[in-house]
Amino acid sequence: MTAQAPAPGDQPILFVRDVHKHFGGIQAAAGVDLEVGRGEIAGLIGPNGSGKSTLFNLVAGMETPDRGQILFDGHEIGGKKAYKIARLGLARTFQIPALFENMTVSENLLAAAAEGHWHGAQQRSDETLALLHLEPVANNRASDLSGGQQKLLEFGRVIMRQASLILLDEVTAGVHPNIRKIILEAIARLREQGTSFFVIEHDMEMVRNVCDRIIVMDSGRVVTSGAFEDIVQNSEVMQTYLGRPQ
Amino acid sequence: MAQTMKNRWAGLLLLVVILVVLALLPVLVNNYWLRIATGALMWAGLACSWNMLGGYAGYINFGHSAFFGIGAYATAILMGADFAVPFLATIPIGMIVTALFAVVIGAPTLRLRGAYFAIATWAFAEVLMQFATVVDFTGGTGGIGLPPFLNERFFYFAMFAAAVLTYFLTWSLFERSRFGLKVKALRDHEPAAEAMGINTSLVKLQTFVLSAVVASVFGSIFAYWVTFINPKSVFGGDITDQMVVMVLLGGLGSLWGPAIGGVALFFVNRLIWMYYGDTAFYIAILGAAIILVVLFLPNGIAGLFARRSGKSGSVLDTVLGRLLGSRQGGRS
Amino acid sequence: MDLFLQTLLNGLLIGGVIATFSIAFQLTFGVLHVIDFAVGAWVVLGGYFAYYMAAFLGIDGFLAMPMAFVLFGAIGYLMGPMIYNVRNSRTARPELMALALTFGIFTLLRGGMLTIWGFNTHSVPTALSGHSIMIGPVTVPLIRVAAAAFAVLIAGGLFFFLFRTRYGLAIRATAENRQNAALMGVNIRRLSANVYGLYAGITAMSGVLMGAIYSVNPEIGLRYTLFAFFVAVLAGLGSLGGALVAALLLGVIEAFVATYGGASYSHLAIFATLFLVLLVSPRGILGRGL
């Protein structure tokens, strides 16, 4: 499904058109078209190797597209440096937590705010610790945390960025249900404040409950997008992705 | 908690006592020991400057002596008959020259990955040393003499002031400010730091220049103090080696580690010199010290006093990890 | 023109010897994943060994070579497990620990050598020293030709071993993909120890040759480490074929700068080239680098 050019006054927060990226012989993005609306929680699903993480890296600035256009909040960001894109209001988590291992939990949060969001950072850090139930380990080294706590901290840093669009890369993968609950509540809270989310997930429950709209990718392209119920009834998708004949 | 507060005050008191003793030292000891103290302060300061880039930013600079040497030669040349600049004025001039070098060299070099950065900086320092050996205005292998000024107290206080300022600067910039958080963030995970909006290239360069300029100050004072320098004495690899071991031994990435390691190793150096007459054995000790640190003491001596458990790794681990480029996050 | 050819030839010849220990250095990196700072120290120790064999037992340099191989091969084989253990220990960043370890070993050896032997310089005497031969229009010291010949022999032997024997295959497999090699039944620990021993032995042999052509003193070890680094950077860490080319290139650069510019400039030229190469192409100009 190709994205239409956005109508004026209806601008999506993220607009991706015809984006291509290859690594060596592999075409990781083969003409991706999608958009994420303001205040929307969009889910991105697809089989392994479909190019989801590559797309995130392209949007966040870790990779440069060979071709195509990426617009974030009206700005052209394709090929821009990651730190500049972050300063425009985009934040992301990493699939393997990319914490600042030698710093404490509090320091990790403060470091996230160091660039451009220093005003009131200490207070927001305290609030974030409370929101994520990380107060008991506030002064522990990040590398000492359990896997679930690390995911929480990863998410906490993103909160500190006060971003308008947050990219979450399998943020609840393999975590204890309690921790998942905390994260989901935090997502809900942020969404109320107007933050948009773009979420890679394999967990269909989470996708169904949390996402407003699903985008399905396969082999470097967007196959289809829509509400969860519609996707589930789409037999083409079910075959490619979920492997069940419908 | 009460215990932490108590520890804080105890630490502060200890610091004040040490500073007072150091300030009064010329009155308390004779010139011989004053010279040793001067040297110890210099090394503590140099080690601290190396730690800025090596410990806080995680970039192992194997050519740090280059900046020490530039400061030394700047002072030596400027105080020569051709220019006759007063000593104190040579220091800021040396700093500017050093800063220029650091910017020109740092910008491209900092883009290199860990081990390559170490090798490149090493190569740079050697180039400078060779250059100083073959060129005329540096006096070639023969070196340069400076106008003698045999006032031990002056140099003691010069080094003392420089060291105190260095540590204060390090504390306020790297331990207490948002700049320090940015630096440590890029050390621990450069891509994640970028994702937090931090311009890592700029922060790295700023740290590089800062560490260079501080080393240059010590170089300037050193030159005037010893009244004679040649390429090996100020650009030599032994100088960098010593700085590196001092910081590793004291505790990479900690504030006081460089001071502890610097003073301890310098005293060992002087002791060996007293009993053996040369420092060849000292080099062997440096080697043994590194091995010891790597095998048993990755957090250095300072790490022994840290209250957290060291099992989860150390700054040394992270930095050495970068040296072999084995963890830089990236695509999933 | 004659001088040009002579310099070129000298450069290639010495490049051959450099290639020997550089290739071994690359192999160690490939298998153990360790950048062995101490490579220069092994070279110098090989030279010292040959010197003492000659001084006390009257043994010719060339005869000392296989002895050096055995001795340092054994030492390397004994040290290998320690390096392997550090490299594979369960602490957070073992590769790096091994790197710092080898730097410590290098410094310790250098300091030890300086303490024991001071700054004196010695030469390794051989039956061929002091003679020259004519190759076409140029005259070269016979020792250089012989050294290069031996280097080719050693390198050739190494390549044969690596590419034509089963054990060599195991080594290459381990360098390529350690996990798979282990799955196929290779005892990585034992192999690593063997490789380190092989590397130390070969490097020490090339040290005998270096000692015959130049001389030995404790400070020169750093120069050989620099050479190995230079080759590794130019060729790309771990690349064997590239190392050969890079080493020859290094020898030629060194020879030309020393002849036309003066010995004091050769160091400068090499370091400057190294620096520039790193800035331009950190992954190595020639090989697949890391």
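Here the chain labels run A, B and C in written order, and each chain numbers its own residues starting at 1.
FYI, contacts are C-beta pairs under 8 Å (C-beta built on N, C-alpha and C of every residue); 3 or more make two chains touch, one makes a residue touch a chain.
This one's a predicted model, so the numbers in the text were calculated from it and none came from an experiment.
Participant: Please classify the inter-chain touch graph. Allowed labels: line, ring, star, complete, other.
Facilitator: It is a line, because the chains touch in a row without closing up.
Participant: If I count C-beta pairs in contact for every pair of chains, which pair wins?
Facilitator: Maximum number of inter-chain contact pairs occurs for B-C.
Participant: Counting in whole Å, what is the centre-to-centre distance of chain A and chain B, each centre being its mean C-alpha position?
Facilitator: The separation of the two C-alpha centroids amounts to 41 Å.
Participant: Could you state the distance in Å from the CA-based centre of chain A to that of chain C?
Facilitator: Spacing between the chain centres: roughly 50 Å.
Participant: Distance from the CA centroid of chain B to that of chain C, rounded to the nearest Å?
Facilitator: That gives a centre separation of 32 Å.
Participant: Which residues of chain B are in contact with two or more other chains?
Facilitator: Within chain B, the residues that touch at least two other chains are 312-314, 318.
Participant: Name the residues of chain A that each touch 2 or more other chains.
Facilitator: 143
Participant: Which residues belonging to chain C are in contact with no fewer than two other chains?
Facilitator: Chain C, residues with two or more chain partners: 92.
Participant: Flag every residue of chain B that touches chain C in the complex, lowest number first.
Facilitator: Residue positions touching the partner: 108-109, 112-113, 115-116, 119-120, 123-124, 126-127, 130-131, 133-134, 237, 241, 248, 280-291, 293-295, 298, 312-314, 316-321, 323-327.
Participant: Give the list of chain A residues in touch with chain B in this complex.
Facilitator: Chain A residues touching chain B: 53-54, 57, 60-63, 81-83, 86-87, 91-92, 94-96, 98-103, 107, 110-112, 114-116, 118, 140-141, 143-144, 157, 161, 169.
Participant: Along chain C, where are the residues that touch chain B in the complex?
Facilitator: Per the stated touch rule, the residues are 33, 35, 86, 91-93, 95-97, 99-101, 103-112, 114-115, 118, 222, 226, 229, 233, 262, 264-265, 267-268, 271-272, 274-275, 278-279, 282, 290.
Participant: Can you check the complex and tell me which residues of chain B touch chain A?
Facilitator: Chain B reaches chain A through residues 178-179, 181-182, 184-185, 187-189, 191-200, 253, 308-309, 312-315, 318, 329-332.
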